[in-house]
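Next come two complexes built around subunit A: one with subunit B, the other with subunit C.
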Partner chain A sequence: MKKIFLFIIIFLGSCATPIGGAKKVEDIKPQETPSIESIEAGLWMSMNNYEEKLKTSGSRLKDKDLEKYLKNILCNLTPEYCKDIRVYVQNMPYFNAFMAPNGMMVVWTGLLLRAQNEAQVAAVIGHEAGHYIKRHSLKSWLDAKSRTDLMAILSIGLAVGGIPSAGDIFNVTQLLQAGFMAKHSRDNEREADKIGLDFLIDAGYDPGEAPKVWENIIKEMELGEANKPLTFLASHPAPEERIENLKKQTEEYENIKNKKNMKEFKEKIQPHLKKWIKNEIRLKNKLEQTEFVLEKTFEDNENDYLLKFYKGEIYRLIGVKEEENNYDKAIDYYDESIKAKNDFPDVYRELGLLQLKIEKNEEAKKNLKKYLELAKNPKDAAIIKSYLN
Partner chain B sequence: MSRLLVIFLFFFIYSCSSFNTEPKYTIRIFEKENPKILLMPVDIEICELTIAGMCEPSASWTKNSKENIIISFEEILNKRNAVLMKYDKSQQNDEIIQIIKLHTQVGQEIINNEYGKFELPTKKEFGWSLGKKVKLLKKKYKSDYAIFIFFRDQYSSTERVIYSIVTAVLFPGIIPIGGSQIAFASLVDLNSGEITWFNGYYRSFGDVRDLENARNTVDKLFEEFPG
Partner chain C sequence: MSVIKKIFIISFFLILISCQSDKTYILVEPGKVEINKIYSVNTNMKWSQFQEREYNFLFWTVDGYTLQRIVFFKPLEDGQSLFDYDSLFTKENEKRPTFNPKMNKFEIKEFFESCIIWSREFTSFETTDIKNYKIGEIEGVSFDIKAQNELGLNYKGFAVIGIKNNKLYSIYFIATEMEFYDRYKKEAEEIISSIKIL
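Take a look at the complex of A and B:
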């Protein structure tokens, strides 16, 4: 009886794709589509369905111009694959971007908020394009399949082989699985990093901006709680290692240019900044983390009044917490913002409303009046006026 | 070996058990003769279960199954003298996609509320709607009704079937599940948006990959369809 089972297990084992078999997968060619019988076609089908829904999803940022701008960055990095990859921006206040096997690239607003210039965004887009070209989704799928198949077969095999405890079987197979998975994922990331760097340098961007993306993320992470890593990092290798690799690889290139395109990028995200920052503040990350993100966003010092204003917003939204009153701090920041630029309407509005709340009525009215004057007939004029009486 | 026999017997009986659908409707017959019914794009995904139970989407199975479902549905309409209107993908726009998405959502809610554990205590009558927006389909396709079909199905790979049997023999009591099928369909009045007929089910057998079996499945899904 045992022999029959062992035979079956060996038979099943031979059906499963061997671990590492996925490595034979070749790069996808420009404008290539998988044949309908292939596993890849199935993955494309699923993602095409998802993409159709994403297009009209409420979470998609309604800014075709920004999406077009990101797509142009992609096409500039890799004209060959320009037709194959679509770029979407999703309203999510976390640092993340991902690539689906069918060419759907999604960038989250939290990433755009954290990027300091076009070169940094290009580094991420190039990296994601690398995943597409190297067919990493397909490879990961094949790998996951062979790993889980192996695990299933091993659990029978170990039982037949005379290890009775189900707990042990679970442990052995789980350990094998975890090890393969982590290694595979890291290899893919390294490969995509290399392609991204190639693209970045070819397109004339400053390659030093690629590791900077990670340096900033590390700093932000360190300011938070250690056990709460950012979404993007859960499946990625240690950023320290990536920074090292990127810096080392850059040394191998000649003709390095230093295009950063900060101004172009800042202009494109400008219309959304207010909302993105609000979402960031609402995340309830640690105060230091949110402040760090803001400091990076306004690093150029040109818009110091905005940095001060949003810092004020952070403290105002925290309000009274654990017996600590943050309103005074908020007011201090609003005052500093006004000192830096005295005709920004929003700051008078928030300052006025806050003063109303803490019953400094005279000052409140003065600031709200100033708001109405500067904002020139804002949408909320009626309600603000009602506070003045 | 007797244990193996028992297991086989179990599978045999399991796969033969009949299933009951429970169609819900507000109309029994079409008001007008030869009504025009627009078939919306069938929302379908078919996958193959790997040994360990991962659901691997199959584009070719999905394509065949979709064709089979459409042919079978057309036959049902022919018997009722209703006219099938074909959906034109090139005419698709965001508003239409939103209607399709809404149907998937509403259909799942109907299953939860009318069939499942989450019955609404005060909702006694069957009354659901996709809203007046559907009128744009009426205008575009000159149709009286639209049919929405949602279909998800899984089939075990050969390796998984063998694996299931081996597991069942070695560890009595543990039977890795085979594929399961979930489907629902709605007939929507394009004047009012009202869902005038609905049926759905969840089961662990049935096949739509060949036309013969697809006919049986679709017949069952369109049980008590008006006409």
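Take a look at the complex of A and C:
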């Protein structure tokens, strides 16, 4: 048996390509396009097809103003690659953004909902631009390919050696392969983090906002049901590790500025907030998790009435569940919202409709009338009036 | 039994199976139509009716369901969802929206919208212009639909929905904004306005 392993190790050692043996890949230069016969051109072509579909896809958020705003952030971070990268917003209620090798950057609405200011969004955009500049997609592809070859040899080697339960061997090699690839990917992520941080600081943003993005994600994960990624097999560095690295790297810089641009960012996402929050509530994540997302969204206090209103909405939508009456909690939040701002029509409507449900008819009618008065001929007036009779 | 006889019997059954008509689609003739002893409607034209036992809905279409359809749901009871079957894309079954008979008119619209979004057939789905509407003798609501699929194809439509005896009755019409919505809108309106709950 030892001889067989020795043979495999010698055989692998004699391979010209080392483990993880992708050839050295240079950074992409501004306005560079891959030569037509290259592997990279193939990757670009498939992503160009995907991008064409995304442009007209129903999942793309049709807000040119918001996409332009994000593109401006990108151009501010890296003027030399401004022409090469296109930014799209996709209607997906999860925290994510990704970069394709052809320069297509996609940001999900769940990320924008969770970002507290422009600096945090810039941290993500800068990070994704880092992936593009370092050609990480191409590197990952080449690396995956070389590992697939290597693992095929390893599997055959072990099988020929007569080791029983071939299925297990296959699983072991797959596990090893996944581990190698994840490590490679984690290295890419660290590299992109460093580039993103350089961009952030050069553009005058507060670099302290970059680790905050991950701190918030960790807290949200801890409150929810989502499993923490396993350190070995994760395709991204563990968020804790990422925060540590970003904080350590920030210490090395001088002349750090603290631009956050919270107000500008909030103005841009304001038109979509109601819909995004509704989609967030629809995910039916753990209550504490959804509340945490909302608290971060409305952290500026200026819109405390909205935070209270939406918290009320979460409890209203859960309703009566397992003998737990969430309607009372919803009403408490609606009341708090009214205390914070007494002329927001929607809260009177929801409060009134909920009071009708629990047969507090007099209070309900009072609040529904208040809604009609504040909303001034709303489209649903006829339905509201049908409840008043 | 000889081998030849066995082969003959097996072949006979195989032929019988292969000759069985496809009952998934049936033709609906103009006139008064009863749907699963739940609804009664009038139609002026022919439709193809699609029905599968495992689904709690059936639909009518002319050119294909991706182009236009009128969907009739079976009445839902407390705790049920519009899509109670498991689709490939919706694995989180425990998170599926569920009906509660105490829902108000706005909440049943919200529930309908959440169910369609949960089914992930459309990547964008909005309901607007909610109005009081009577489905037969049920006090319900009607509202307009605007949707888009992953390919970016725009859809328009409308739905009527209401609660009777703690059960939710819902019917909607949807068609591609280009060509088919305008072509079938009037007919769909007439069909839906003729609905009676049996």
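Convention: the second predicted complex is superposed on the first by the 351 of 389 C-alpha atoms of A that agree within 3 Å, B and C clash if a C-alpha of one lies under 4 Å from a C-alpha of the other, contacts with A are read in each partner's own complex, and residues count from 1 in each chain.
In this text, a residue touches a chain if its C-beta (ideal position, glycine included) is under 8 Å from a C-beta of that chain, and two chains touch if they have at least 3 such contacts.
Since the model is a prediction, treat every value here as computed from it, not as a measurement.
J.: Check whether A:D380 is in contact with subunit B, with subunit C, with both or with neither, and answer first, second, both or neither.
T.: Second partner only.
J.: Counting residues of subunit A in contact, which comes out ahead: subunit B or subunit C?
T.: In the superposed model, B touches more residues of subunit A.
J.: State whether A:I36 touches subunit B only (first), subunit C only (second), both chains, or neither.
T.: A:I36: touches subunit B, not subunit C.
J.: Identify the partner contact of A:N49: answer first if only subunit B is touched, second if only subunit C is, both if each is, neither if none is.
T.: A:N49 contacts subunit B only, not subunit C.
J.: Examine A:K248 and indicate which partner it touches, taking first as subunit B and second as subunit C; both and neither are also allowed.
T.: neither
J.: Show which residues of subunit A both subunit B and subunit C reach, each in its own complex.
T.: 53, 55-56
J.: Which bits of subunit A are touching subunit B when the two form their complex?
T.: 5, 8-9, 11-12, 15-16, 36-39, 41-46, 49, 52-53, 55-56, 141, 144-145, 148-149, 151-153, 156, 159-160
J.: Which of the residues in subunit A end up touching subunit C in this complex?
T.: Against subunit C, the touching part of subunit A is residues 53, 55-60, 91, 279, 282-284, 319, 353, 356-357, 379-380, 382-383, 386-387.
J.: Note which residues of subunit C are touching subunit A in the complex, please.
T.: 95, 97, 100, 102, 104-107, 114, 117-118, 122-124, 129-132, 139, 141, 147-153
J.: Within the complex, which stretch of subunit B touches subunit A?
T.: 43, 45, 47, 50-54, 56-60, 62-63, 94, 97-98, 101, 158-159, 162-163, 166-167, 169-171
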